[in-house]
Amino acid sequence: MSKTKKLKLGLVGGGPGSFIGAIHLNGALMDGMFELAAGAFSSNPEKSRIRGEELMLPSERVYDSYDEMFEKELQLPESERIDVVCIVTPNNVHLDPTLKALKAGFHVALDKPLTLNYTEAKELYHAVQKSDKLFLLTHTYSGYPMIKQAKQMIANGEIGKVRKVYVEYPQGWLWKLLETENNKQAAWRTDPTKNGLAGCMGDIGTHAFHMAEYITGEKVSQICADLYIKVEGRPIDDDGVVLMRFENGASGVLMASQTDTGAENNLKVRVYGEKGGLEWEQELNNSLTVRWPEGPDQIYRAGTGYLGSLANENTRTPAGHPEGYVEAFANLYRNFARCIYAERNGEKPKEEWLDFPGVEDGIRGMAFIDHVLKSNKSEQKWTPFIVEK
Amino acid sequence: MSKTKKLKLGLVGGGPGSFIGAIHLNGALMDGMFELAAGAFSSNPEKSRIRGEELMLPSERVYDSYDEMFEKELQLPESERIDVVCIVTPNNVHLDPTLKALKAGFHVALDKPLTLNYTEAKELYHAVQKSDKLFLLTHTYSGYPMIKQAKQMIANGEIGKVRKVYVEYPQGWLWKLLETENNKQAAWRTDPTKNGLAGCMGDIGTHAFHMAEYITGEKVSQICADLYIKVEGRPIDDDGVVLMRFENGASGVLMASQTDTGAENNLKVRVYGEKGGLEWEQELNNSLTVRWPEGPDQIYRAGTGYLGSLANENTRTPAGHPEGYVEAFANLYRNFARCIYAERNGEKPKEEWLDFPGVEDGIRGMAFIDHVLKSNKSEQKWTPFIVEK
Amino acid sequence: MSKTKKLKLGLVGGGPGSFIGAIHLNGALMDGMFELAAGAFSSNPEKSRIRGEELMLPSERVYDSYDEMFEKELQLPESERIDVVCIVTPNNVHLDPTLKALKAGFHVALDKPLTLNYTEAKELYHAVQKSDKLFLLTHTYSGYPMIKQAKQMIANGEIGKVRKVYVEYPQGWLWKLLETENNKQAAWRTDPTKNGLAGCMGDIGTHAFHMAEYITGEKVSQICADLYIKVEGRPIDDDGVVLMRFENGASGVLMASQTDTGAENNLKVRVYGEKGGLEWEQELNNSLTVRWPEGPDQIYRAGTGYLGSLANENTRTPAGHPEGYVEAFANLYRNFARCIYAERNGEKPKEEWLDFPGVEDGIRGMAFIDHVLKSNKSEQKWTPFIVEK
Amino acid sequence: MSKTKKLKLGLVGGGPGSFIGAIHLNGALMDGMFELAAGAFSSNPEKSRIRGEELMLPSERVYDSYDEMFEKELQLPESERIDVVCIVTPNNVHLDPTLKALKAGFHVALDKPLTLNYTEAKELYHAVQKSDKLFLLTHTYSGYPMIKQAKQMIANGEIGKVRKVYVEYPQGWLWKLLETENNKQAAWRTDPTKNGLAGCMGDIGTHAFHMAEYITGEKVSQICADLYIKVEGRPIDDDGVVLMRFENGASGVLMASQTDTGAENNLKVRVYGEKGGLEWEQELNNSLTVRWPEGPDQIYRAGTGYLGSLANENTRTPAGHPEGYVEAFANLYRNFARCIYAERNGEKPKEEWLDFPGVEDGIRGMAFIDHVLKSNKSEQKWTPFIVEK
């Protein structure tokens, strides 16, 4: 198969009205490296059909189930069949389609968190490790160019040894018992059987945790968690704080909430080192504030000529032409595609392309959920953070 | 032709290293309504071929010239051939391919400004008027959801009769004689034979002018222009101000520069009416500030539930998940596509879909350029603004 | 003594090069209600004399010690002698001059924190309680008009029952071992014998704690503290986090650091209730962001006509004419003076004037320090917060 | 008279409810260099008495008129009498008290603009020139530390030769016919007999003009003015734009309005040179944005250690402790006082202290008003700007 063909995508999930499925598609399609070729959009075949039509897929490539999709696609000639499976279902439907897709020989892009629980995570981890297929876990926020720039600056020692990490992820959309008001998003995300046992911490706390480790390159070694159910009647946490200690001696605070009434989605990260500090917030994602103790702050901007290679490989517009959330997704998908092409062509991918989240990030995220739940129940302040695989 | 097929796009221009061609593609592809099917990417056949390969087009759909593309595509079965031509060449190559594309029966999406000069504009205007094909002129900034919201709020009388419009477009990239440093973008944009006689005012002043009329729904009736060449050796303006008077009695100031050293691309518009004011800036495009004389300012945010239908039809992410410049392009293309589909299916398009810039906007933009050049030379303060067609 | 005379101020501390002494004076003098009448500016008589000259005091009112000041001032006729003692010395010199000033019959304005330690705090607490003199503790940040507005809105139930409080106070000035570089401020603030046993938490954590309780009107009932010494060689904490639980069931996070390299002084507080949220940051102190889950955010601005009585009584310029840190100080002093005048004139002060921090705030702040140190050493997650008096 | 006595201030104007009179006092008193000693606060003796009492002046120093004040004060011993007259009356009461105060031997601080009209301005100009008294004209905004920093950076050539100046001053408070609603401020400022013939341009356009010349060090040589009366029934302009050309070849745009409904007071200035750009806005006055074409933007902050001498001499708090409008006033008064002291002590004042606006700025401001009115009536685009004295 030559480089001159787009990667064919088969979607699992993302039925009518799905938020994240549509965004995955926007991101995957934007750069012209993927084309949507097939889908099993819903466990309800009628809904799958409707969504397939909306997406202008030929009806024979719209399936009633992912099992059917994998089976039928394998029967197509290699040049026709899908190359990549993109899975955007609730967390309880992550493990099974991923295992089967890998087994069927497809690359997999999976929405976070990795699985429903830590036990599943270990199974999926090993399956990916044993497979020769590529695996993308869409920790979207790591796709932003200024996050890439921050990561590279920290790795280069520009702010010195990291001392402190603040990461906060305030949302307010679950400020009331929305799950009882026919809101599908709210319903599954607050249902422990579909979402897992950590609510807010599973949904967005894992993003914040990934950000903390990704941007600093440091690993968490101990945590102290304090979770809350702020809206009466909700079965799982919708708010919480996690104190963190890192292996290098740095400390951190992770705050996540879905009941900070009125807050939107302003993931914010701040890292302070021995020589300087970095600050970034998602709602102003094209800027990175760099603070110095004895000189003026600097505002690094996406799309400028003075950025490093990691940011440069993850942008498409010049400075002042804002990129956003969809482009962050697109960056993950573009790097994933570049690596698939490189593999096909027997080329070595650029180091910058390999910088997309995968199963190592995924299992750490599931360990985070597991340890947070444990620490929250403990009367001891500190719980060691140990990732078993 | 059924709705269930993507629209096939044929690109004119956008060769290797082109900025705007790539962005048009990102925008057109993102929502899965278009697919790139053919291209004549450069007047240099070798460059066209290279770009075609990058874009993974089959070689038989990569052409040496747009003439060849139109001819050969027409020979393909209707279900195979392109539906829409997207033209992203320098301004001196706008008129000819547009006329030919329309004549060949293709819909046309054209980068602004409409043509090289006002005479050409009139010709193109009439060609579009006579054609039954749809025509999109990519005044990108009118695609932003919060601009749509502002337009709708003003139309609804929420800020009262418009009194004042400030629109500013400060760039700094031409702060030095970049056109002598092997910068292709700078080279054609400062060459009057390729760009036309207005430099900064043609390139970005037309965007600002379009914004002023689009957002307010008011028409300019008189102008007073003052242009400058700030960088010695440049043949055409790189900076200027235009005072405006509107038919309804409002006044305005339009500022555009490409030599505001260090400025990026922060198009900003402010409209004040008898009851309130609106402020928007492109680098913070997901917010619209609404000012009231006797109550707190409000920050309207993209993706929220309280916006009007125009904004709602032009967004894809929930609040706090920033959309940007590429999505603004995508909004133009999506509305354009929705109208093409509606036509095909004999349906009436939604009013909100019809709200994309076209040839009326285009000829007004060319009249703006023409009158600005005239007013700049005049010792009289005011020059009437009359659009001849 | 009639209202028509300014209040005479006697300063304790604030010698040459003092930061906070000069600011207290700016704040007290600005509104013309106080005049500086005497001072014991330093324990070094020569330095006291130099500072007295700078401040244009007659030499006979510049004293070698506060003991001398109190003694000599009492010998002056009542109409000449000082009315108010303002104490701006290091924490180890808070208790003694305050006790003596009260005993001598002077009102006292004291810089925070109340005392060197909790034991002293209880003694001072009872002395103030028994005295008939007024007592001001300068928790500056509670003097900002938009903080007053926030407090009033919360008290009025505008955002519903409080669920969550974030308060952060990031500074970076102690990013290195500044105390060894002949920096007087750094020297005493990192010296446990002068500052007390809590470094960062004593200096700015107490401000943050006061803010959390002041703005919400809720009381802390449990804490979990985690303190750090980020700069090697420093004897006391320069960084830390305190998780908080409030009596009403709300939770909170308090972050304070003096080693967030590059950070200035951006005290920030966010409160989320069942109906809405409030956000304020000191470096943009003239705005208060009010967030709603189903409508646009609002930006309340200082000096506007729509604010409540608490804000109105604590401002002096119209909207858009920024007030700042010095005015926040001035607001404390003005309210203090208004209450002194009211007492003299046998009038009932307005409720808004009485809203300045005093000894109740002071003892809670010292209890905070005490409990934070205890919790930091504990392996238990939660430490009950009980204020003994 | 020694340095060890505060300067005694006699106020002309600033009666009950006055805005600007109170602010002048806040600014003058804050640093302890002035004390209010006398006042003729209103042409209505009863109002003058009331205000005198509010300000706790002894009744014998509260006068029925400024004539009385000058006469009676001269009869006091030199050590008792006022040193400085501060005039904060409407513009039609600027010339007479200033001439008389100078003649009586008092230094004068006068609110802007200089006089009611250009003819008066010339008379006052020569009176000040001939006098040996010091004269301060309170162009407040030039007192901000970051404006001082910008001025010094431009003077040092840091952004290269100045090419472009934008200065805008949007207010909205006169959005309706407030002058008919018993608003005293609005009444005199829209009354040509008290305010002069230029409304908005006289009140705030002169501030903007002063800023443009002050910050750049360049002089305007030609203007093109376009004024409006946006609110029907108002006799003088409430909105306008002035294009400017400077002697050095730079161009500029000055926008001022009092009918930008909802706008507060955000004076903003942007200067672009051949090497970089500077941006400042009053509502965020503690920051100065410095833009570079090939490196990250920088945010210079007030109170930091890396600023130049001009900023340093005009600040009082460390970084992150915001100063504001009152401190800008205080900076003018402090420099004025420092120069008066220097003169008394036969010392040479620091160059930085001499940097306060005076009669040269004043007459240029009045010439600005005069030329703007002329240009506004002219059909010619450009009107030469020539300052006659």
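Assorted remarks:
The first chain written gets the first letter, and so on, giving A, B, C and D; residue counts start at 1 in each chain.
Criterion: a contact is a pair of C-beta atoms (placed from the backbone, for glycine too) under 8 Å apart; a residue touches a chain by one contact, two chains touch by 3 or more.
Treat the numbers as computed from the prediction; the structure is a model and nothing was measured.
Steps from chain A to chain C, taking the shortest chain of touch contacts, total 1.
With every chain reduced to the mean of its CA atoms, the largest distance from chain D is reached by A.
Looking at A-B and B-C, the interface holding more C-beta pairs in contact is that of A-B. Each chain gets a centre from the mean of its Cα atoms; for chain B and chain D, those two points are 43 Å apart.
Centre-to-centre spacing of chain A and chain B amounts to 34 Å, using the average Cα coordinate of each chain.
If you average the CA atoms of chain B and of chain C, the two centres end up 55 Å from each other.
With touch defined as above, residues shared between interfaces to two or more other chains in chain C number as follows: 173, 263, 290, 297, 301. The residues of chain D lying in touch with chain C in their complex are 3-6, 19, 22-23, 25-26, 29-33, 35-36, 53, 55-58, 171, 173, 263-266, 282-286, 301, 316-327. Listed in rising order, the residues of chain B touching chain D in the complex are 159-160, 163-164, 166, 168, 170, 172-173, 175-176, 224, 226, 228, 230, 239, 241, 243, 251, 253, 255, 257, 259-263, 270, 272-277, 290-293, 297, 378-382. For chain D in complex with chain A, the touching residues are 290, 294-301, 304-306.
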